[in-house]
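So, here come the structures, one by one.
Here chain A shows up in two complexes: once beside chain B, once beside chain C.
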Partner chain A sequence: MKNRKITFGILGIIIIGIILFILNLFVGSVTVPLEDIFKVLLKENTDNTLNVIIFNYRLPQALTALLAGAALAVAGLLMQTLFRNPLADPSMLGISSGASLGVGIVILLTGAISGTAVSSFGWWSTIGVSLAAFIGAVLVLFVMLAFSSRMKDMTTLIIIGLMIAYLAGSITDILKFFSLKEDIHAFVIWGMGSFSGVGTSKMPIFATSIIIGLFVTFFLSKNLNILLLGEMYAENLGLNIRKNSVIIILVSGYLTAIVTAYCGPIAFVGLAMPHIARFLFKSSDHRLLIPATMLIGMDMALICNLIARMPGFDGNLPVNAVTALIGAPIVISVILKSRK
Partner chain B sequence: MKEILKTKSLSIGYEGKTVVSDIDVTLNEGDIIALVGPNGAGKSTLFKTFSTHIKPVGGTIELFGKDLMTISPKERAKLLGIVLTERPDDMFMKVYDVVAAGRYPYTGMFGKLSENDEKEIKVSLELVGVNHLINRVFNTLSDGEKQKVMIAKAIAQNTPVIMLDEPTAFLDYPSKIELFSLLKKLAKEQHKAILFSSHDLELLLRYTDNLWIIAKNKPFAAGQSSELLKNGVIKEYFGLKDADNQYLLNEIC
Partner chain C sequence: MKKWLIICLSITCIFFSCGDSSDKNQNASVPENENLMKYTSYIDITNYKSGYYINVSCPWNDKSLGEFYLYPDTLQLPDELANKSVIRTPVKNVIAYSSTQWSVFLELGEISRVKGILESNYTDNPEIKRLLAEKKIEDVGIETSLKTEIAINLHPDVILYTPYSTVPKTEIGDLTSAVMFPFADYLENHPLGRAEWLKLIGYLTCREKDTDQWFNDIVTRYDSLKYICQNVENRPTVFSDLPFEGQWYLPGGASYIAQIFHDAGADYIWKDNNSTASLPVDAETVLSKARDADFWRIMNSTSTEYSYNRLAVENELYTYFKAYQNRNILVCDIRRSGYFEKSEYEPDLLLKDFVFAFHPELVEADYQPHYFYKLKNEK
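Right, the complex of A and B next:
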């Protein structure tokens, strides 16, 4: 593919992203006229309700979608290249399941011990849930890192990751069985995923941690490119296989853990976005694929967030209900188009 | 002749289980050596040991007088290149990308290719005669073309030693002959030391000067092809019938 085509492609994805971002501020249960949005953004607006809607709800939500989409998509790309498996995604490391288990323990055990639902603890409960998800995800991540530092064989590593995911899922199910009804409801809601959990207060820490992770991935492109030849060739070209897989799993797991902690386990984005990037640019070069996958992940998350908050749906649809519904047809059409 | 690689009472195998022991061989500049032996005798194990994928069970391998295991992976990548039967299978990887990977030991943090790297890629493709394939997707090539591109990768890697595991395995007869002459050209003109494994005994006896023979429960044998045939080593190691051995003797010597 020619350089000019690549530039146009990237620019196109960015422009679509900007339009989607503005639409995200514009559309919701209260429709804000476009001119008012600019007034609010330029701080020329005096209507306080609009200020609150835009600054406290829609802007942080759109930013969360943007960052989470980029993070999950690139985490999926790293997994697919590391395992040389087009079906690999961040959930393969068992990280989302670890996060679910962490949340499960907090939500379900506090209910069992104190006899009241976690949700009754108010603000503390949201912090507790994020923290529990993060701890659960990181614990599983460390287990996976311990295995990957000892193994060169990627197939074995995938199987171990899947087994840990099932193990965590099974314990979560047992916890659910012994829990209060309200708590199970809270847990199910968390599991459906949402970009509204970050808000203004937690945005600085969320954004900083995601941006650091995204930045690091750019330094992995050279190693990811040689991995495409296969592990034996990569090793012969001077790559330390075990050290490299530890780093890739660490970065991918770190991004997934943060997103899952704040937004719940969001499926599909990590699996599908790298494929759109590959087919769109017909490239295997990670120096292009990494930024392209991030940008496409941003666009997709913004589309999903937009659909989930369409005026017709009073309140928010769960993000996980929309990702595949919107994403799958896009992936199929991109693949069919590029085959022509 | 300059000595490049030397093994001293080398034993190879996995996790303490020795497959072949007491290998004492030398690989010199310009050598082209064929490694033969039945499946399961340890050909791949020897390749994996040389490429440091697995550790030797005993003994040492010296590359330019240094213990192979103590050379850093980055340095080693500039000394010893491999071509395996395994192939990259990415849907969009171009021939250019595959050969460019050979330049990775020479590039910086982001793998940006210099003008010199670009030149080396083109020269390598020209040398194996596939420069017209440069923009093709690797996955869509024929087996013979893929083999040549992988060899171009090894040439771009610019190592004094190239090792090829079963390079003739999926090739038709003319491509096999073409490959042998290519390897010979690399050895003679580029002064590389080349080691490759193969099952095509008759072709090897015709086209290569030296053989290393691995067989189960027999000592590792090395020598000139014609000598090994004349003194009956080939007959013994491959379990040839008298008539077949006589046929080879008549044909080749």
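Right, the complex of A and C next:
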């Protein structure tokens, strides 16, 4: 009976995901008549602009949202289990802050040193920013790995992660303070997150990197389940706690670093999605939770992307403004329902 | 003998000082309350006794940004001005926030009156770089973090600052006896309105005759070029800028640049919009509206040059625009052209660059653009 419920649940989430994905292709600030969309999809359409909008703009954006949502949600789940803390999320490792610092250096410092404002939104801003975010994130990740390989106590590790986040954050603040307002504006915009930075040209590398990371997480479910029993039990069951935490941090950090590099620091998804998965399926088995969290993360990111590009509104809302706006009420209602 | 010397000296002083009574008589035809600024929206200047009365306003609230009186330092200040914001002219120690301010001093040969500037590492101007190296001009930091102590030490009598709706005035005004003067040039939405702010520097340095002449020449050149573009039959369409994080920040339809597009005989795609600020518009809207636009104007503030290949690498969507395919992208290298320093006072050249691109037949064939040139095709 329970298995049937789970199957239906997963199927439901997948169907919702498919509907949302299609809506993401159909709905945007440019209103496209339904019949024209089918013509475009069937390659019958002569109007090239619709083609470009749907295939070269909306499709990569929807795919980016889907992959980023899955990656952040599962990265959050790994962190919550590893640290046995329901408030843990990928930003706890300081990785997002590291990425922000990297971007801060590129956007804010290059202006101050070379006297060239990057805020012209030029070539640097698209390629340099992703690269800087990735380097910043990976550097912090290595620091965290070095600590985690030496330390068994998870609380200490959380504190170190938070301290690194504060360190990176304050350096970023100092940079901001000495920067031109145009550059600060560019930096603030980056910090709001966007699913449109990947595009068709960078999609293959983004998708491959994320899918590899997601694939690896499936092999972690057994060890994650053992971790839930507590460190003592886990050690008695032959689990190498340090090695295990290094691997979990590596995978979670890797996924976060890639998403942050391409989409900016996207908050909330990583924190909230695992809770929805746990409450919906009333389970703590990671063999179920990992795929469920991924799927819910995909759905949530697609909803957010849809709302950010509401028709009748010419601009794109920043992703970070939408994730919590939409996500927080959903999480609250799920929790309230499950407590009844 | 001594007496004679004093008399001679005082006569010379009166003769050369600005706004003196002889000058006043010359302006007798100008009514007392006539606005001396013809194209600006945010600054009014009228004659006041032997000096001037200035009112600076702003678009974000109805209140004035400040009322000021300019009064020659050779004359005794009228009693009623004792408690007002008075700037004695010619000014002696100026701190200039923006390059649009000091560039006028430089052009007038009055740069020695400028003692401090902001954001000095963003300029390529050789003269300013030399003066900075010789410590004749000090760097006073950037707007968000002024080097307050250095600023105080310069003993400024006027600080020309850039007013923003969101940024509160710094404490620097309270720490010195300087008059904080809001230089709101960037708020003006008409190219000639923006250029007319140069006249303020003329009043501050008692060089108003020169700046009047300078500005009138700009108006003549701008208007005559605008006139020949007025009735062009074919008005090419144009749009502007590059996106950041998937979002375009387009100039509003009532903005400065939209006005220049119009005067250059082109149709700006967002001309029906009546905003003066920039519009955040997402890529698919820009694509659907501006894909067939004939021209595309972009700004380059990086140190390397743009190319069609580089644009394609930056964002594949660019290649779908007709202006990209037909190689009709107009680019301005901000640094090399000195765009921020000079273009405000050369709106006629800016206009001519666009006319040269939109209607080459209306401009001499060997014209060399100053700011915006067509991006060259790669070999």
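Note that the second predicted complex is superposed on the first by the 331 of 340 C-alpha atoms of A that agree within 3 Å, B and C clash if a C-alpha of one lies under 4 Å from a C-alpha of the other, contacts with A are read in each partner's own complex, and residues count from 1 in each chain.
Note that a residue touches a chain if its C-beta (ideal position, glycine included) is under 8 Å from a C-beta of that chain, and two chains touch if they have at least 3 such contacts.
Computed from a predicted structure; not experimentally measured.
In the superposition on chain A, A:Ile53 contacts chain C only, with no contact to chain B. Of the two partner chains, chain B is the only one that A:Leu229 touches; chain C does not reach it. Of the two partner chains placed by superposition, only chain C is touched by A:Arg309; chain B is not.
Of the two partner chains placed around the shared chain by superposition, neither chain B nor chain C is touched by A:Gln80. If you count the residues of chain A touched by chain B and by chain C, you find the higher number for C.
When the two complexes are overlaid on their common chain A, residue A:Ser201 makes contact with chain C while staying clear of chain B. In the superposition on chain A, A:Ser97 makes contact with neither chain B nor chain C.
Once the two complexes are overlaid on chain A, none of the chain A residues touched by chain B in the first is touched by chain C in the second. Chain contact summary for the complex, chain C toward chain A: residues 119, 121-123, 142-145, 241-247, 249, 279-285, 287-288, 291, 299-304, 306, 310, 313-317, 320, 334-335. Listed in rising order, the residues of chain A touching chain B in the complex are 84, 218-219, 221-222, 225-226, 228-230, 232-233, 235-240, 278, 282-285, 287. Interface residues of chain B, counted against chain A in their complex, comprise 51-53, 73-74, 76-77, 80-82, 84, 86-94, 97-98, 101-102, 104-105, 107, 109-111, 153, 157.
By the touch rule above, chain A contacts chain C in their complex via residues 28-30, 48-49, 52-53, 56-58, 61, 112, 114-127, 177-181, 184, 186, 189-190, 192, 194-197, 199-201, 264, 309, 314-316.
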